[in-house]
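Chain lettering (A, B and C) follows the sequence in which the chains are written, and residue indices restart at 1 in each chain.
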């Protein structure tokens, strides 16, 4: 309980998957990933049918995996093609194969009933694969339930306190948010538009904009996995034109994929795509380092919070205020996807 | 279960608490401690009401704590004075505040119903704050239930075996004890008077007394937290006069505060106050080092015993003999304070 | 549940037991082992009757153990001979003593009802103590349940995949086995006779035989503890003569003692006795190093498998094929010894 099955999840960046065996655990299911000789990504259950040895600890031979313990051999469909000591291959010698889609630089896997997998429902993050944008990114394993990362990202007022000196300024925490829920599309929108704000170092050093700014943060969360933050930075008072491109502003498309690994661990995929200074490698390097620092500040805080919450009595109290409207909407939508009762369930109840 | 609530416990030395945030967990309750600008010690629940982030991982600003995650701000009463993004502060935005008394160099906190806290019932250890005594001390975190430390301190015959070469000599284990229980005052007395004993290095090197000694050990245990050992060292045959000061003897007042942290961890506060060679810094240094070594011998043994007992079946057997009379009386008094059935409960049953 | 009691187990090599206190846990029972002044091996329960302090953390004085905490003293029978602070020794002051037999270089202990211990039922491994053989050996603690080591050793087809480059060649996995169960004697036989096989480095470098070989592997498993592998290596086509010694072949007697320590840990005693190049120290050193490497390959794989299985749902699936016939017979015999229902119990069910 606690996971939304029958959903697409990011298991890896496409760039992580190649001619070697990569182990990932998604929603508690152990997967082994590799790329076939023709370039297709394959995701199989990471347990040999014989004695449950992890296939990821095995050898990739052509497009087959040879189990490292007794040599059971599997093709890319998961069907066994060789067993030791006998000719006959038992009919049940087959490991599960997972639907895979490679899109927007991510490897998406479907966790659930195979016949319900519909690739057209995968939410998009096109900037990650668009020549007009320069992208930095990475993945950090989190020793915390995914609900804590959802909470964290849906309420950016924490930038002021946890990420001061990087992306936080007083205006983030001070400016009220607006929240909208599109139940039909399954998207939660949270917006914070700061008309006259201090420019945090993250943008001051990368955009070249001087002085105070007009800063917009527009979140789109597509539960369970994809989180988008459209960040617009412009000289103070500069708003998008009624028509034509918004060329006076700098745009950063900040993308997170939140993939539950086990009940208490999560893959935190993060990327920043920008439409400014796209050929400036010093900006690229600065944003990579800065955003990694910010992600690690979250990782440290959430890992601590996980230990706190895991040690608490089951029904601990939380107090929610206006800033939590988006996070609470996300919890409700996730709870519905999971099929569990909602109520004022704390983050713990989701994962 | 297993803790005596509605009691005073030592959470820290006063010297540990200053203009920073100190985390301590007492009886399983997470506390954050600090000293206000006017010098008062404050103890608050160490969990933000919003999302349970530890306040001890936050910032002290004047006399307020600003939560490191989203900026919820608390005054020294525990009441919230600021929340981000809105003017209205919810009435329930308040963390628990604990009654605190600073006395005899210790910070005592009351764990239980606030209206039952009575500072006059805190047992005293005046030597720790008396210019006629010189004090060395420290605190060691124990990876063992507090009952094991109570057992240890109530039966000093272990000095002969565990602390030989420091404070143990054959006479300690050989000399019978007398035990007295004052149920009304809630104190257990255990005495061992050695008329003609070898002088252990601890006292030989610090008192200047040569040859054999008359050594008295008079224990007063005030459950649950305070343990006093009045140690009298005199040249062999020298007894206290009928009247006037006992100036031929050296006195060490050995003080332990035994504070349960979690079910399997304990704070072991220890101090040695002496009325001899009080200005001799080499003696001070020697006693600090020696007593720390002795404490660490106990820590090592009790941590080992904790692992042994934690791995045992629930109702493991113990065999008690005369030396255990004091420890068994302590277990009974603690069990009554806890409100649990007594019987021949092993140490494990207390914690 | 899960252990076969009333059986003999190897607790140590005789060479490990001397004039010091050695702690071993067998079938969950903590033992302390030492050798008396007259050379007898003693095995006692490793817990003082007083407060359960481990006797192995104590001092050996002559043939007695003096508890390191309060000085309770035990003779080699386990009876207490001294307690502190009083003359009278309680009648119940006695720790359990375990029947011990030193044989074939091993120290065997009986875990179960003392009156059922019959030394004549201990299975033999005479090569380990025979001047016509040279022996290398060791013990590796396994962080895995013993059933996984039984599985591993009963199905040597894994040599091809896990131990390629040492003892594995394609023929091991390819050659079918024959299995025989002697229910009366309680022995399982698994044989794999390779008539024309590649010679693995392990034997190529040690026997001096060149070219292809005739390689026989004859397993005798005496559940629960003793596993013997009679390994015969000869030039290809060379079979034992109808009469007289098999002097054209090289023989290695590979011995494992599989001793469950706790539910999830095992002592893996291993030895290789050979009748060839017995005075050649470079061969001795080569076989010691090579076999240790092979053992550590198993240790790594089984420790990994333990973590996999411990994290799986209880009734995970396995698929067994012909190579598993011996391992399945072993599971059945062990299950009967344990007194648990058999069925298609996976390895996990045994330990």
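Criterion: a residue touches a chain if its C-beta (ideal position, glycine included) is under 8 Å from a C-beta of that chain, and two chains touch if they have at least 3 such contacts.
Heads up on the chains, UniProt names are A, B, C = Aromatic ring-hydroxylating dioxygenase subunit alpha.
Every value quoted in this text rests on a predicted model; they were computed, and no experiment measured them.
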Between chain B and its twin chain C, rotation from the CA superposition, multiple of 5 degrees: 120
Numbering shared by both copies at the chain C-chain A contact, with half separating same from different: different
Distance from chain C to chain A - Cα centre to Cα centre, in angstrom: 48
Shared interface positions of chain C, touching two or more other chains: none
Of all residues in chain A, those that touch chain C in their complex: 47, 49-54, 57, 66-71, 83-86, 90, 92-93
Touching residues on chain A, where the partner in the complex is chain B: 151, 155, 157-158, 160-162, 173-177, 301, 304-305, 308-309, 312, 316-324, 347
